[in-house]
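The chains carry the letters A, B, C, D, E and F, assigned in the order they are written, with residues numbered from 1 in each.
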Amino acid sequence: MDTHAILNIAYLIAAVTFMTGMKMLGSPKTARRGNQIAAVGMTIAILATIFLHDKQIDPLIYILIFAAIAVGTFIGWYIAVKVEMTKMPELVSFFNGMGGATAALIGLLEYTHNTDSAYKIAMIVAGLLIGSVSFSGSMIAWAKLNGSMRKPIRLPNYNIFNLIILIAALALAVFIVVQRPESPIYLYALFALALLYGVMFVIPIGGADMPVVISLLNSFTGLAAAFGGFLYDNMAMLTGGVLVGSAGTILTIAMTKAMNRSLTNVIFGAFGDTDLTGGEDGGTKGTVKSVTPSDAGILLNYANNVIIVPGYGLAVAQAQHAIHELEELLEKKGVNVKYAIHPVAGRMPGHMNVLLAEANVDYDKLVDMDDINPQFKNTDVVLVVGANDVVNPAAKKNPASPIYGMPILDVEDAKNIIVLKRSMKPGYAGIDNELFYNPKTSMLFGDAKDSITKIINEIKNM
Amino acid sequence: MDTHAILNIAYLIAAVTFMTGMKMLGSPKTARRGNQIAAVGMTIAILATIFLHDKQIDPLIYILIFAAIAVGTFIGWYIAVKVEMTKMPELVSFFNGMGGATAALIGLLEYTHNTDSAYKIAMIVAGLLIGSVSFSGSMIAWAKLNGSMRKPIRLPNYNIFNLIILIAALALAVFIVVQRPESPIYLYALFALALLYGVMFVIPIGGADMPVVISLLNSFTGLAAAFGGFLYDNMAMLTGGVLVGSAGTILTIAMTKAMNRSLTNVIFGAFGDTDLTGGEDGGTKGTVKSVTPSDAGILLNYANNVIIVPGYGLAVAQAQHAIHELEELLEKKGVNVKYAIHPVAGRMPGHMNVLLAEANVDYDKLVDMDDINPQFKNTDVVLVVGANDVVNPAAKKNPASPIYGMPILDVEDAKNIIVLKRSMKPGYAGIDNELFYNPKTSMLFGDAKDSITKIINEIKNM
Amino acid sequence: MEGFFDFINNNIEMIYIVVLMIFVGIELISHVPAVLHTPLMSGANAIHGVVIIGAILVMLHMEPDNYAGLAIGFIAVVLGTLNVVGGFVVTDRMLEMFKTKK
Amino acid sequence: MEGFFDFINNNIEMIYIVVLMIFVGIELISHVPAVLHTPLMSGANAIHGVVIIGAILVMLHMEPDNYAGLAIGFIAVVLGTLNVVGGFVVTDRMLEMFKTKK
Amino acid sequence: MKIGIIKELRPGEKRVAVTPQVAKDFIARGFEVVAEHHAGLDSHFQDKDYEEAGVKITDKASVFREADIIVKVNPPAEDDLPYFREGQIFIGLLFPYNNTELIKQMAEKKITAFAMELIPRISRAQNMDVLSSQSNLAGYKAVIIGADALEKIFPLMMTAAGTIRPARVLIYGVGVAGLQAIATAKRLGAVVEATDIRPETKEEAESLGAKFLQVEADTKDVSEGGYAKEASEEFLRKQRELVDNSLFQADLVITTALVMGRKAPRLITEEQIKQMKHGAVIVDMAVEQGGNVELSQPDKIIEKHGVKIIGKTNLPSLLAVNASELYAKNMFNFVTFLVKDGQLNIDKEDEIIEGTLVIENGNILKS
Amino acid sequence: MKIGIIKELRPGEKRVAVTPQVAKDFIARGFEVVAEHHAGLDSHFQDKDYEEAGVKITDKASVFREADIIVKVNPPAEDDLPYFREGQIFIGLLFPYNNTELIKQMAEKKITAFAMELIPRISRAQNMDVLSSQSNLAGYKAVIIGADALEKIFPLMMTAAGTIRPARVLIYGVGVAGLQAIATAKRLGAVVEATDIRPETKEEAESLGAKFLQVEADTKDVSEGGYAKEASEEFLRKQRELVDNSLFQADLVITTALVMGRKAPRLITEEQIKQMKHGAVIVDMAVEQGGNVELSQPDKIIEKHGVKIIGKTNLPSLLAVNASELYAKNMFNFVTFLVKDGQLNIDKEDEIIEGTLVIENGNILKS
């Protein structure tokens, strides 16, 4: 009796840590601590499950459980620690698949001795179905991000085809719940169908949309865990699963919004390769990474050295006061901010000086090209505000370019580059700028003043 | 069986509307709709309670219930609609007291036929105790705000005295729960003690802190309702009560923070009359109303016409860019903003012009004294930014004043006046300014630039 | 101690609900601008008027000849209604000032 | 229909818990900056690793001689652990970039 | 009451005491106004503008004959004196302490005279304060003259042909003129430093974006009625030490230091000028009161040691349009304060009248 | 290679082709530099400054004898011609199309000459573009001169003595000079309007806070290589109609309109001037190319119809310090582009060399 109460308490604690952890993950300041708190709660829940029960357990089983946990811990830890930072998203997908697989396996194992209860079978079938989809879908997503499977594969009419598989799976699921056949063969069929659906669901989708898909599959796994919770009347699984299910769904929506996609667009399979490419002849020059003001804000806020490169767009947007405000804000947060003034930025000699003086920017913060160029390599973030030609590497690299020979600001040497402009349109010289396709470059599209104001707000909320 | 399920669903709906309503109350845009949603949920819960049960009810009881509801509705509506806007807070206190009384009465009625269950008696006693405190405390708060009881009454050592009453009440409560005496006499004693405690708790507290006290008593009533929920195993009461209990506590904390008080300060009875009074000789000139940036933001955001009066403090704070940003923000929100330029504002002729031109304020927005003075009476809010002498009514009213005869800006004609300055210190002429004691005036203390930046942030979040 | 454990085991779901509700309450209020404090307090005040349900239940379970009880119950329902109706209406009036400009 | 009502009456508290949990989930995520989306997804991913509890329960209830079952259960626990451990560690690594400046 | 506007005769003076706009205001208040031919022409106000405002244009003799009040900018010229009639009122700048002979001659005519420059610096007289209104313009003009004389530009400019460092401007005396000079130089993009004897001017200079060079003084060099007290030798020495560094780097120096009623303090010596930058420019606004700069001379440009020293006595006249407008408005405020219901109202208890009344019906009160 | 700096002889010219700082840069690049006595004195660069930089100071004859490259601002003066040696290189402003006689005489000396003003307006030549660098300064100076000539102040000022409305400034031609004029006038607080034939200048003018008066043109008046094409009669008429309203309200007008290689367009006629405000000022920057204003005359101030019309031909020289700095930097960039490893490197395929080479070893290529 006591053990049961303590188990209950342990689960309650776990549930609270999950919520608290999730909440803390929502703010940069507390995110890491939040993750750790949730991990502690998880550990408590797992240990409590293993030890707090009234049954006498065969030592073999204990050994197996510990062995399994040891193996899983070792592999999980190893992969997570070794993998490069850039491969993180695919890793999330992989681990998510593992969770889905676990849920599916539980379903397979629990089926036979629960055929007396429609409720339990319903929970088992639901968990199995969702878990399997999540598993196979995540594996495909993983492979895609991994590079093993680069191109979206689209069968003709794949939307209809997928719908048919889905309907078949659901029909089979209903059949199983209603009839509850003794033989698990139908369940295996369902398992296979679900796996297939997961594959078919993800395969037509392009790499750029993968994060959204992973987030969706993530909330699926949450749901699968929740059904496990119902099955075992286990509050930790239930709360954790529901929490991830609902939070994951909202997160998915938020992600589509941040990517300027609609949710229906996502749900009804209109996923695609929508990486922005410049100019009409697209594609060939590589991809452009478009970011949100929030991303830009984070980059700036956590930098030590920032250089602002103003250009003609600053003048057009009349963003001089806004940029000064941003500069002051960053300085207050301990960031070292300078302005790199290119001699021909703008449309008249001294154009940037006039503007920045109007906004009361300290003269000492304005550094001219020759002095600042060597400093870019020690710079965490360069914020290019409506400048284009003056940061165009073609001036150095491409003898055919009309600006070849003009000295430019070497912003490419910096660790990160954020470019604020309204479109992919060229500047005064009318030529394309390969800087925008640099993997280090993040484009924040929109009027420079608007964008800066948004960044300021984001930083203020950090 | 069916009625029970439907009742459950009704309560679930009510609980969801309570949460949703509360959430929507948290943003100016949705607040009103949120309140209405919660009201709808409440109606559903009440009607479901009356009609959805399996018992046969005597018509007399039905009649009584409906009569009571009719009476309550009529009185409640009438009071709520008739009372002046300025009396709202005391009304909240009054209604809160009613809720507390209801909880207490339920306890009194339910006691005798539940003495067999320690659990139920515990819930009854808790509800009665808390409800009674909330009732008597709210009534005192109401009387104080109402003006019937103006001064804080402080017995010597009232803190210790209160503590004794509290301990006595708690001891009696424990005794009742443990012994569960048949006679309700102990319960009546508890009721009396609790009422006394409520009175003693609120009586020493000054009028300025009343809102915090009301908020605290509000969360008490929520708790009392929650205990009712436990008693009846009633989910609507439980969820509604717990929600108000927890939200109310957080709200109380937020309010103390907004008033720059600490929570411990509040809990341990250090409540006091902290109305700010000017100068060393305080009190005599009337009281000064100090407000938060958020209050100022609301006033500005919901105004139609705003006039900004800049003075020397704007120059000292170098707030010209900030004020321009605020002006633009308000204009974008549909507020009509102008600047009133007093001919001798600042320290040199044209001082304000230089500053505002630097910040790119449109020349057309600057209106000189003679043209703007007739406009103040149609102005919703005047924002005085670091100006003092140029808005000092002594120039018109007090022939002994060194500035007598100087024309001033007639800001007193406006509906609301917000003054941004750092302290109650005088300006250039070295004389006190009775404008600051005007009931229409709200003082926002602090560096003008800081204050404006904060106001901007508040408005952006509306 | 045994009683405590019993209580936990018997009411674990209730406990979850209370804990979750507390969480929701805290979460909902955290980011509210100061100027909404009073309307919010008033709205919350109306919501705890749900205690009226208790009063109604008392009445419903009352013997029709327990006049004293009925009288007190009647008063309780009146007071509860006052709380609910007055609370919502006052809140609504307060919030009128937030109406958006044409 | 009868079954549905039964279900509701028998599981009303569970339903509350689920509803509340959904509410909490939504509320928690609403105001998250876009740059935290990935870490948050990763953190949530780790949390649904709680499904491992199911795998452990399967193992605990298993007959010690059901070798096939044990094998599958073993795999399930391994995979679940992978999800939990890998999930939390990856999230932690991602969040390293948010460390505050000295 | 009839107001008469006379053309200014002082060489280089382009202002006029009442503009057509203000004449209109007078007429709206029940005054009559007569003006001498071409009285406002140098300020670009033509006779037809006056006539449109309702002013009668006539010759000088008629103006003196008809008018009850003669308004002027400068003191009466020698040639104008014979025209005065007994009981007539004169209002304008007078500087009675420097013009004792003139005052005597005026008094002989048994007139009443008010000196506009003696209006006290009190709040209610701010709108009659001609020294403020004219100094303000002078401060602006001094910078424009300096900018024109300087062979450099003011702002920082980073161009394809290299970076031009901003000009450094140093301003002595942060009074009305000094503040406007700071504002104007700052607007044009210069790096501005300023110094003054009154410590409260630090905040004022900074509020306009200048760096203030504060001289630590033991002596209580406080201000009186808006004007500074005279500085001690000790103070001047300390000031020199502190400011020298800035002075030797400055491109443009503007001096406005003055203590009311005294000779202007000598702030820059020839010794210091020698150490200044080749090509630097000094504008000495106090040159009429003896000058803040050793080599400066009234209305001359001296080039010595590679430095150009400009002394200008009548800067407001160079902004004749605006200067006349402001002067006229001050005059309007003063006259409407003096004349209540068409009656001159000399209340000698009043601070403003007491301060400005120089001759009362031929009795000299100040000289 | 040895560079020789010659003192300018053109009347009123105060600039110098190479400053001490740039001389130092040359020397650091392996050049030798000789300079005539007092070559930079008018720009406030003294012989000792040059010597400190490593320049040898000597007389004119020696400079011509020793130097491989003679650098100047203006074309060679008559008196300098005899000194040239065969094979010597001359770099400076030349205006070959207006100075055919001079070019012939230079060619007879069998020298090689480059004209700095012919540097094409292409990106990589921006740092040699003397027209830009000097026009920029001229635009600033034109406003300062205008502000000094105007008897009003620029900014809006609300004072105790009434409100002064801001000056209205109208700028014709939004090129390099026009843009800087806009910026400077705006800084000083004026209300600025501008007009140009090229539609893309609208955004540029607005980015500096000016209001743009856009003439709707059917004709394709597009620009070529950074310079405008000539406007049609039709366009000029339309412009007049549109701009007249602003012109008649303007206090200061600055005209900078020019189409490269043409006579300046006539934008303001006497008829229009008659309708302008009394006291207004016009600064005609294009006066040397025939003037945008009917009455303007080079280096004269004409006062007519109450309007002051200022024509100034050599504005940059009035900012000699900065103008010399920028010119010298342009020169440095050009010379280091021409000379690779101590060897003159005339690649006539190159756009810059092709554009600027006027005489090659006595052969006249442009005239």
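We adopt the following convention: contacts are C-beta pairs under 8 Å (C-beta built on N, C-alpha and C of every residue); 3 or more make two chains touch, one makes a residue touch a chain.
In this text, all values refer to a predicted model and were calculated from it rather than measured experimentally.
Peer 1: Moving only between chains that touch, what is the shortest number of steps from subunit C to subunit E?
Peer 2: Steps on the shortest route: 2.
Peer 1: Determine which of the two chain pairs, A-C or A-F, is joined by the larger number of C-beta pairs in contact.
Peer 2: It is A-F, judged by the count of C-beta pairs in contact.
Peer 1: Between subunit B and subunit A, is it the same set of residue numbers doing the touching on each side, over half shared, or a different set?
Peer 2: same
Peer 1: Farthest chain from subunit C, going by mean C-alpha coordinates, please.
Peer 2: F
Peer 1: By mean C-alpha position, what chain is farthest away from subunit D?
Peer 2: E
Peer 1: Using mean CA coordinates as chain centres, what's the gap between subunit D and subunit E in Å?
Peer 2: 81
Peer 1: Cα centroid separation between subunit D and subunit F, in whole Å?
Peer 2: One centre to the other, that is 74 Å.
Peer 1: Roughly how many whole angstrom separate the Cα centroids of subunit B and subunit D?
Peer 2: Chain centres of subunit B and subunit D, defined by C-alpha means, are spaced 41 Å apart.
Peer 1: Give the residues of subunit F that touch two or more other chains, as numbers and ranges in rising order.
Peer 2: 126-127, 132-133, 136, 155, 157, 159-162, 164, 187, 189
Peer 1: Can you pull out the residues of subunit C that are in contact with at least two other chains?
Peer 2: Correct list: 14, 16-17, 21, 23-24, 27-28, 31.
Peer 1: Residues of subunit B touching 2+ other chains?
Peer 2: Where subunit B meets two or more other chains at a single residue, that happens at 19, 23, 235, 239, 318, 343-344, 349-350, 354, 358, 360.
Peer 1: Which pairs of chains touch one another in this structure?
Peer 2: Inter-chain contacts occur between A-B, A-C, A-D, A-E, A-F, B-C, B-D, B-E, B-F, C-D, E-F.
Peer 1: Spell out the part of subunit F that touches subunit B in their complex, as residue ranges.
Peer 2: Residues 155-164, 166, 189, 191, 209.
Peer 1: Once bound in the complex, which stretches of subunit B touch subunit E?
Peer 2: It comes out as residues 312, 315-316, 318, 343-344, 346-351, 354, 358, 389, 395, 402-407, 429.
Peer 1: Quick check: in the complex, which residue numbers of subunit E touch subunit F?
Peer 2: Against subunit F, subunit E makes touches at 14, 43-44, 46, 126-127, 129-130, 132-133, 136-137, 140-141, 144-145, 147-148, 151-153, 155, 157, 159-162, 164, 184, 187-189, 277-279, 306, 318-322, 325-327, 329-330, 333.
Peer 1: Hey, which residues of subunit C end up touching subunit B in the complex?
Peer 2: 7, 14, 17-18, 21-26, 28-62, 64, 69-70, 72-101
Peer 1: Using the touch rule from the top, collect the residues of subunit F that touch subunit A in their complex.
Peer 2: 122-124, 126-127, 132-133, 136, 176, 179-180, 183, 187, 203-204, 206-208
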